[in-house]
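Here chain A shows up in two complexes: once beside chain B, once beside chain C.
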Partner chain A sequence: MKKIKGFLLIGIIISILITSLIITTAVEMTAEEIINKRDNNEYFDTAQMEAEMIIVSGNRKIIKTMVALTDKKNSFVEFTNPQDRGTKFLKREDDLWMFFPDAEEIIKISGHMLNQGMMGSDFSYQDVMEADKLTDLYDFKIIGEEEFEGRPCYILEGIAREGVKVSYYRRVSWIDKERFIGLKEELYAESGRVLKETRVNEVQEIEGRWVPINSVMENKLRKDTYTEFIITLIKFNLEIPEETFSLQNLR
Partner chain B sequence: MIMKKYFNIIILFVIFFLLSAISISAKIDIGGELTASLINIIDNEGNISAYPQVSLDLELYIPPFDNNQIKSAVYLYTNPTTAQLDFMFKKLYLKHKFEKLHLTLGRQPISWSFGSMLNPVDFTLGAMVMDEETGAKYQNAIEAYIPLNWNTSISAIAAFPEASQDIKWGLRGRTMIEGYDLTLNYVREPEIYFMGTIIPASQRIGFTVKGDLGPIGVYGALGYYFKENDDSDLAYLIGGDYSYFFEAGNKIYFQLEYLSMKKENLSSILGPFFAGNIPNNLNENIGLILGMANYEIDEFSQVNLMTISSVNDGSIIIIPGYRNQLSNNLSLDLSAAIYFGKEDSLFGPTVSEGAQPKPKGMISVGLTYSF
Partner chain C sequence: MFSFKLGLKNLTRQKRRNILIIFVIAFAFSSYLLMDSLMNGMEEMSFDNIKNYDTGNIQVAYPEYWEDRDELLLENLIYLNQDMEESIKNTDGVLGMSPELRFKANLNNGIDEVAVRGVGISIEQYNEVFATQNFVVEGSMFAPGESKAVIGTSLAELMDLKVNDYITLLVRTKEDTFNTIDIEIAGLVRAPNPMINNGIVFVPLDVAQEALNVDNMVSLFALKTVSGEEDRIIKRLVESFKNKDLDLKAYSWKESAASVIALSAAKKGGIGAVLSVVLLIGMLGIINNVILSALERTEEIGMMKALGMREWEIVFVFMVEATGIGVLGGLAGCLLGYAGVSWLAKYGFSIAYVGDASDFGVPILDRIYGTWNYPAFSFLFILGVIIAVLSSILPAYWAAHKDPVKAIYHR
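Right after this comes the complex of A and B.
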């Protein structure tokens, strides 16, 4: 009987140890590991997407639709709604080019325009066309844990790396502990002022990864305005011809 | 010359032949813009004459097939001089993308804009004026475009101007160095017969640059104009743009540029923004300062102010504007142009006998529906 009690005790201790070890491993994920997992989930080699932007201000709203192609460094966007049909953008690293469909001309857009609202939306060109991994741009640390919309989340703070060009000096991200997807993000200026807040309304598992298919960007500097970004179709890791991201393809 | 005469007919025939070859399942779509405006012209006595103007931009969207692209766009409008409905083909062309060459044949827009408000080295001077396109942009032409890498290309154009028996042709090279977009171009204008006068053949070489200097966008152009047995002209343009964000998140965008050139080339560059003749009392060289400020009130509306002023005589055109996106497809535009200056100055009232009188101002209100 004593032997059985002894084995039971050892079994309980081992179970506790194993459970603690698992919990400790989970809890002790570093900020870098978390953000890497997020990057691996949200970033891809190539993607093709169809999306719509709903720009809302007070009681008024307008809808813009687009198709986009992106690889690790470059993005190509073409608008398809009647008012902007045929307007195309090409972003290669920090350079942005725009094709005006009526005039059929390609103009290099000044660098200061990259941080401005894309076609009147609250998403900047950089927000929509950014292809870099967050870990290449920011140093992250864990600053807390919290439930967001019923999902347990890590709260991470990212500060822009020295010498790296970014739109937001600081970003605070709520990252889903199970799906490693950013559910909420606050974007700050260097002065400490919050510029924008983005929230994910809907995620879907597509081709083995969790994708935010409906998200909202709110410009915190303006009242009663936000932009909803809805992905209507997305395909990953397609073969995109090299000349897709060229000026000749804008024409 | 036979080719020039039958140019449009040949293009139409080729396009109809290719269209008949496309599968009927191909998705062909029609879109465009319908604009209704009321334009009020104020003369120097303060009299206002108003006339309505309706225009329809209609484009046929044909999906590309077998490396071919067909574009067709027609502009229907009420002609302000005859008050009759008139039309102009903006696009009626066929483009074929060979492996190392894109060939475009037909009526097409040709513009070498690089982001400036005026362009002294465009393929056709005055094709884009103060961010507005003009009819001068649309040419019956053949264009060969050779991409060398993602940002470098060479294009050659042979155009057939309606007012000339000869071919107008041009060459343009484009590349990017250290983040700067660079172009070098050459244009040979043929002898043109215009309203009973002959404008002699001319040539020009142009160079443009556009890039960033820190937070400011900068650009410039250099143009060398020359004719046989005539004086040459070295024109130049420098400019920059900048965005400033207010605490409340609103943005103001500024653009400022300076253009220097001989007065004889100026009227073609200013296009419809310059209704009068160049006064004889002005210096040979004219300097213009152009400014633009665009303020976004909110996501849907913006106000802007443009000015063109002559350094030589202080005359100025002020062009305020307001745009409001009323709904997904409907927008409202208000604009005005007010001319200030002494008599016989560049933008002031004209007193010279026989010269076309300039208006004192113009106010326009319009609604545009996109579909």
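Right after this comes the complex of A and C.
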């Protein structure tokens, strides 16, 4: 009996030591390290994805489905739901093009059009375009820690670096302490007004990385509207032919 | 004299036919006059609406800004300084100057969002140049120092907004970062220029400058000047900018009204086509009349020739008759036109029948008023008579040239 108690005690001590070691390591992480770790977890070389976008505005609910191919800089999205079948988007570095099958025309989305909601959703084209490393654009600092949806999180505040062009002046992110994935993010205007909020409802471990498979984007300037984004299938690090991200492929 | 009297007398021989032709000519002439009046009215009103509510008589901006002015970029802006403002204001012929900061914005009412053009204005200076304040239908323009907005009635209707409601303008700063302007509506305006009513939000200049992070900068100056003197004042301004080593340029309102001017040119083409049709109708009517008269009076022509009347006298008889028809048709047309133009000038023509004129690039709200173009009356009358005379010569000569024997025995 004494032996068992001894083992139990040693076990508890070891667990406490390990836990405190983990906590100490985590607490000592800087905001930049946390963001980088999150970025490393969330970003990938290439991915193929099937997804569903549920746009809710008041009593109206529209479901759009799509397939997407993406690498670090480029993305190609094709809508597959009956109403939008054949509508395609091509993002090549800082440029975005769209193809409407009805008009049979390729349109470059630029200027003020980038502020509009993508396919009527709460994601603006500009949101889709943001691809730069966040730590290059924002000065991050840890402003607190709290539980979000039962998960312990760091709360990080990013303020736009002087002289850089960013859409949102301030962003506050809730990052899962253990899985290093963003669970919630608030995006602010320079005036201090919250413009958008993203929440992750479901996370799944796929091919060794944590992937937010169900997230919701809310435009905080508009009532009763949100867009739910659900990843139904995702595969990482596939070979994507180079011509996938070409304007010819958009037609 | 005999030929002249005979010609006049012949006018009364086929009363019904002549009256019909006179009416056809009168109808064609009056249609032309009405169209001319309406088109000129549309042009005049369009130009006034551009000058009085959008551009002023002259706009001053950097050429780089001017080239891409429709993009409403926050680049190549003018840094306000007193010396520059004084120099523009004191230019001979300049009656008022309004600095404006134009920017893209999304107007948000909490439920919906619509893209609009934001205009930051200094209200006192704006009122010196533009007449918008006279068309505030609810509330008022914001007072100096007041942080409120003014929007058009159509926009308010679209977004279900009233005076004292709060709106959010989502803008992008000079650094391309989102910012918001949360502001109360001070007044609703229904100006004769539909563009003002449909898609513009006026806010105080300092509010716009702060939200867009552009310091003390503006997109352009809109100037009110003595009308018709624009070109001379532009020369003076350009000279003064040169002396002060400024890269600024001055642009006439005509450069902002290119689409309306193009429309006006197309209108002139259209008017020309109508005039051709009108004259063709008159010519055909008169030629037809002379031929019919000649056919009816073949024996008579033969008899007159047998009695010693010369060919040119017979031609003259027909010419007098045709001229009479031309004169009477022209007079009737001018009278009808006068009545129509009076009505158009007084009551106008509601363009609601043809839809929203701004959709066709015409900056007019709901009624086009006709204008008087007196030279058009005299021009049309004289042209009508000349055409009548000329178009009668050939058929009259054909009639007069007949062999008298064959003509008398004409069956």
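In the analysis below, the second predicted complex is superposed on the first by the 218 of 251 C-alpha atoms of A that agree within 3 Å, B and C clash if a C-alpha of one lies under 4 Å from a C-alpha of the other, contacts with A are read in each partner's own complex, and residues count from 1 in each chain.
By our rule, a contact is a pair of C-beta atoms (placed from the backbone, for glycine too) under 8 Å apart; a residue touches a chain by one contact, two chains touch by 3 or more.
This is a predicted model, so every value here is computed, not measured.
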| item | value |
| --- | --- |
| Superposed partners chain B and chain C on chain A - clash or fit | clash |
| First, second, both or neither for A:T80, with chain B first and chain C second | neither |
| Chain B versus chain C as contact partner of A:N214, first or second or both or neither | neither |
| First, second, both or neither for A:I63, with chain B first and chain C second | first |
| First, second, both or neither for A:S246, with chain B first and chain C second | first |
| First (chain B), second (chain C), both or neither touched by A:R222 | both |
| Of chain B and chain C, the chain that contacts the larger number of chain A residues | B |
| Partner chain in contact with A:H112 - chain B first, chain C second, else both or neither | both |
| Doubly contacted residues of chain A, that is, touched by chain B and again by chain C | 111-112, 116, 221-222 |
| Chain C - residues contacting chain A, complex | 71, 104, 106, 108, 110-113, 115, 168, 170, 172-173, 175-182, 211, 213 |
| Touching residues (chain side chain B, partner chain A) in the complex | 31, 57, 61, 90, 102, 108-109, 111-115, 128, 133, 137, 145, 147, 149-151, 153, 174, 176, 179, 181, 210-212, 215-217, 241-243, 247-251, 298-300, 325, 327-329, 331, 370-371 |
| Residues of chain A touching chain C in the complex | 58, 111-112, 115-116, 160, 163-169, 189-191, 193, 195, 221-224 |
| Interface residues, chain A side, partner chain B - complex | 55, 57, 60, 62-63, 81-83, 85, 92, 94-95, 102-105, 107-113, 116-117, 120-122, 219-222, 225, 243, 245-248, 251 |
